[in-house]
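The structures come next, written out as structure tokens.
First subunit A sits with subunit B, and in the next complex the same chain sits with subunit C.
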Partner chain A sequence: MSNASFSRGYQALKAQIDAPIAAYFSSCVHCGLCAEACLFFTETRDPKYTPIHKLEPLRKVWEQEYTLVGKLKAWFGLSTPLHDQELADWQEFIYNSCTLCGRCSLVCPVGNDLSYMIRKEREGMVAAGHAPDGQISAAKRAITVGSPMGVKFPALQAQIKHIEKDTGFIVPVNQVGAEYMVTLSSMEIMNYPEYLEALARIFKHAGKTWTLCSEAFEATNTGIQIGSSDIARELVSRLVNAAERLQVKTLVSPECGHAYTAIRWEGANLMGKAFTFKVQHILEVLEELRQQGKLKTEGLETARMTFHDPCQLVRRGGVIDEPRNLLKTVAQNFVEMEDAGKMNWCCGAGGGVGAIEQAHELKTRVFQRKISQLDAIKVETVVTACANCRITLEEGFEAYNREMPVLGLTELIAQHLVEEPATENAHE
Partner chain B sequence: MNEVAFLAWVRGIGFQIALGIFIVGMVVRWLEIFLLGKKHDYSAPKGSAVQGAIHTIFSRSIPEKSTWQRSRVQIVTGYVFHVGLLLIILFLTPHITLFREFLGFGWAGLPNSVVDLIAVITMFALLVALVRRLQDPVLRFISTFQDYLVWTVTFLPLLTGYMAYHHLGFSYPTILGLHILSVEILLVLFPFTKLMHAITLFIARGFNGATAGHKGVQA
Partner chain C sequence: MSTSLGAILREQYGVSRRDFLKFCSVLASSMAISPTFIPRIAEALEKTPRQSVIWLSFQECTGCTESLTRSNAPTLESLILEQISLDYHHTLQAAAGDAAERARDLAMKANQGKYLLIVDGSVPMGNSGYSTIAGISNVDALREVASGASAIIAVGTCAAFGGLPHANPNPTGAVSVSEIITDKPIINISGCPPIPVVITGVIAHLITFGVLPELDKLGRPLSFYGQNIHDRCYRRPFYEKGLFAEDFDDAGAKKGWCLYKLGCKGPVTYNACATLKWNDGVSFPIEAGHGCIGCSEPNFWDAGGFYRPLAVPTEGVAQLTQMAFAAGGALGIAAGVLNAKKRDHAIAERETVSIDDLKRKG
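Our next item is the complex of A and B:
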């Protein structure tokens, strides 16, 4: 991020353009349908939030660098080259009003993967020095401290001690040869310590070996969110090295959508090689255990509940049935929101938007979409599987004066596990 | 140039020039896209990229539910003029005669009166699309000169064809010549404007579907 300059940004944009992007820009018919897919438009009705508009800088570079028409237009002075101010002006669209939720990519009739392009466009923004300050400092903390929120291992260690003392469960650290290496998001360490406790309970119940790694416990990847492959690669490599060193079978992504995308899909490509271990989201792990009969639950929640699908899980990860199968084992009154599953609406603060101060008001405004979705089905509790969605939901409900408990699915499952008599004795 | 010479020109040299530019343009555009390449994906697949691509190439023709609910007019208008254009191009008897000349085979056409009606409906749908482009805040905001240019060159063949069929406005050779000329303009602009989407949308859907399929998502 040092030495950012316009020309570096321009080169970065140029380097991002591949055959899919050329096909996408060639195909856009300016039908405007992507606008209605994006909650930043639907809740504000402001045309400037139309997804394809967010891609104007990248489109310009594509046209002028990679098409005959673009070259001719430039030659005859019919087009203006991209300039630095334009990139600066686009920060509002490329970052503040895009969570990379991927909804537009499923709606565009010609098949344009818009969020794929916006993700790539961010690479140019970082290189040009136009990423938002909040995200830049989070990324810097991630590199130097090891976590975007500045959480260091001793903080986690304190939490582990606490859990072990309170519950009697063991939270293994740096165990070579464990089946699962578990990772966390800082949000979970800071705000939802219940998550780690739930994991301890679940793995014990299922009789599986697991471990944390003291040098690589943070799974969120600010490099992916901000759009810097260099940072993303550095952060991913920490996890990869740890998983290889501890010789684990599976690296488990936490309840965080972007962490999953970072390690599951972008990780291997950033490293330039296939992983020797498997990567699964915690929900995929839980569903597998359930199917193997290793999760025995008892008791049913009676409250009317719904599940908020984190974008990166449904639209960029195909994790759709898993949370439903799991939730149904512990909830009696499970109802779906309209557009649930693949087309669920974003919470409004993914993709790093939550870390951008200037976006705070907008993010609260577009939360109206979630409120409308929830009001229509009159639920008492929302369950989700992403710490970032969770904090956004909580803040949103507060802003809209809604009493609505938000639960993490993993913890909910853990609460309903049948306690094995033998282990029960050991605890008491 | 008198009208007979004009008609002869658009049927002869004019057509050859247009077709030539069209073919060269298509090759250039194709290369422009595919020479850029795509990086190998090292992440372990969760589903099939090929199946995802094939699925999306077809499935994206049907709007997904929430889009349909939010953008009905836009979607219906789009369907009507696309289907209309296709039917007119492929099933008007004089067009089929032309195809037979070029391809060596033809097929049964629709009755002229039916195609005539389709032409009216199609022109109407295009007019609705234009009005929406001018009035809808999003469409007006994202529209560029090219959008209006492409609209015009799509509308003109319909209009001139309709006028030729009904002997309106000009002498028959003149209006027929204008009709052919308008199609030639369309051909020339096709590779270099968004008209190209008629071809590239399959590539776009394919790439998008492949990415989704690889991740186990049905796009």
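Our next item is the complex of A and C:
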């Protein structure tokens, strides 16, 4: 294996330019609408954060390698070839100020999928060795240890023991033939163990069989964030192999945005084959159970609540109604933020931004958008369905001195379950 | 020559005061002048000494002169001609040879700087032998006579824009008056031929007001050439409804539908035919069932065929476009194949990224 180098990066960028990318660059009308869609522009008013500007290195490669105009420009000295320093300078735009939230893709009047392009551009950055250190370390841990935060199975086992003790339920591990295979994010194991407990209660309540897998409990995918299909493929394959071995019907993505994108939307393409099982986000599973009448809740939260939509769920996955239907069964004072649903504003630290140390100040600055959104509706509690959003919200509230509890929707549902199991369903 | 127009009208032609004023009204309305000017026109025409006019004919067909004489007695247009002193017009004058040329010399000397020069026909700039009068080439005659004129009226499309002699391939090198004379006021009365009342109207305007009428960018009086035929055409409603004659003997033609598709140039032709009409207001070409050929516009003879509709591309364009499309398509496919090869090569060359080569070493 050779080391990262500019020529490797350039080669990778060249290889990334497919028909959609060429069409997108050709059809860009330079209207600048994507700027107003980007959190990093609206909160800083700095034009360098305009999404299409973040794609300049990739655009240069496309123009100079694949178009006649670009070749003529180069011959006549009207453009300079891409150089290493340019890529290094662009790290700030390609990683630090882009959460791959996809809001720009939605507003583009000519339909350019800008977040798809940035995702592809990151492939070149990785090969050139310009990925941020924080993400490189996370990726290394994910591959070698099994989790980007370095969580190993024994840590999970300890949590399982706690839960079994608290609830009296068995938390199944490596159960062949279970209906659902549950996956987690390290964040949930370390910071929000209540998530796993909630799942145990819910599956018991609904009378569904489920399991964890000792070799593939971690669903987050640093390969997607850093922008390396090779690493992403390796991580996805662990989950796919486990699900196939355990012969489960459904692989459940945790409360995590990009983990869902990785396995649900990029997974099969990375593997180059169709899955033998279904992939659902936990919210999709819960909504399905609710519709089947297998999720009976009682009591209503009285606090004024809103729901923060994780970008990957609403904009990649279209999971918009599910959380609202679920939340309304347990909350009587549910209000929507402005731009809620598919145009919701990102928390500011998705797509790996949270792992980049140099991006910390910027990430806190752009959180102003979320603060204004929430101030406008005067809520007491924020509910979300992504552990990364959740930690970002908590850190953001602390930075802006706001007292605001943040809840995971799955736990909230679990708290309101009717105590005795739904006996009529148990016979099915 | 000093007898006034009014006196001559009464004494020699027995024209009543009433008829004379009627003529003045017609002139005023045809030139879109306020009715309050009618007495002024009458007064000017009555009192003005007869204006000396020298008429030079170059490469022309005499159609313009014919047009003017067709509006002859007893119509009042012809009277105007009687009232100017037409000192030289080689088609109409009685004198011939040296006597005729002498009449011109005398008129020029007697009215130096005051006479009006009317020209019909274009001037050949190639071999001067193409058109000479009394051994003098047209261009020399024009330059000499124009030097002492107060103003020049270029009658007909040949004098105004070069006309038919100027049409491709223009064997005589024909040009318009305004291409030779640049230091005198020139009024272009275009048309092949022009409407008689337009010629007489402009002369009356010059005699009455002593200044040039307002002109468009081609030097034509706006009062007659300000609107296009199409805008004032009585068949315009059919155009608006999309009812077109497709052939000269189809049902649409019989119903009097718009002649646009049969090549009518009304939409791009500026003239007064649709309002003043011809033969004392009897009719005009479109009313007679034929599209306008655009004769009052420059280069009308070379404008792509009298029967070809305005909006249809000229011949060969469709085929050329097809060829360009095919060539463009072939180039596009070739470029696409090359680009695909390049990308395949890049993909083949790409090395798998492992966690060990995320960072640069050394």
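The rule we apply is simple: the second predicted complex is superposed on the first by the 418 of 428 C-alpha atoms of A that agree within 3 Å, B and C clash if a C-alpha of one lies under 4 Å from a C-alpha of the other, contacts with A are read in each partner's own complex, and residues count from 1 in each chain.
The criterion applied here is as follows: a contact is a pair of C-beta atoms (placed from the backbone, for glycine too) under 8 Å apart; a residue touches a chain by one contact, two chains touch by 3 or more.
All values derive from a computational prediction rather than experimental measurement.
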| item | value |
| --- | --- |
| Touched partner set for A:363, first subunit B, second subunit C, both or neither | neither |
| First (subunit B), second (subunit C), both or neither touched by A:68 | both |
| First (subunit B), second (subunit C), both or neither touched by A:268 | first |
| Touched partner set for A:3, first subunit B, second subunit C, both or neither | second |
| Which of subunit B and subunit C A:17 touches, first, second, both or neither | both |
| Touching partner for A:32 - first (subunit B), second (subunit C), both, neither | first |
| Chain touching more of subunit A, residue-wise (subunit B, subunit C) | B |
| Which superposed partner A:112 touches (first subunit B, second subunit C, both, neither) | first |
| Touched partner set for A:122, first subunit B, second subunit C, both or neither | neither |
| Overlap of the subunit B and subunit C footprints on subunit A, listed as residue numbers | 17-18, 22, 66, 68 |
| Interface residues, subunit B side, partner subunit A - complex | 28-29, 32-39, 41-44, 46-47, 56-57, 60-61, 63-67, 70-71, 74-75, 78, 136-144, 147, 192, 194, 196-197, 200-201, 203-209, 211, 215-219 |
| Of all residues in subunit A, those that touch subunit B in their complex | 17-24, 26-33, 35-37, 41-42, 45, 47-48, 50, 52-53, 66-69, 105-113, 116, 264-269, 271-275, 278-279, 314-318, 338-339, 342-343 |
| List of subunit C residues in touch with subunit A within their complex | 335, 339, 342-343, 346-347, 349-362 |
| Subunit C partner contacts - residues on subunit A that touch it in the complex | 1-5, 8, 11-12, 14-15, 17-18, 22, 65-66, 68, 126-127, 129, 131, 136, 139-140, 143-144, 226, 228, 230-231 |
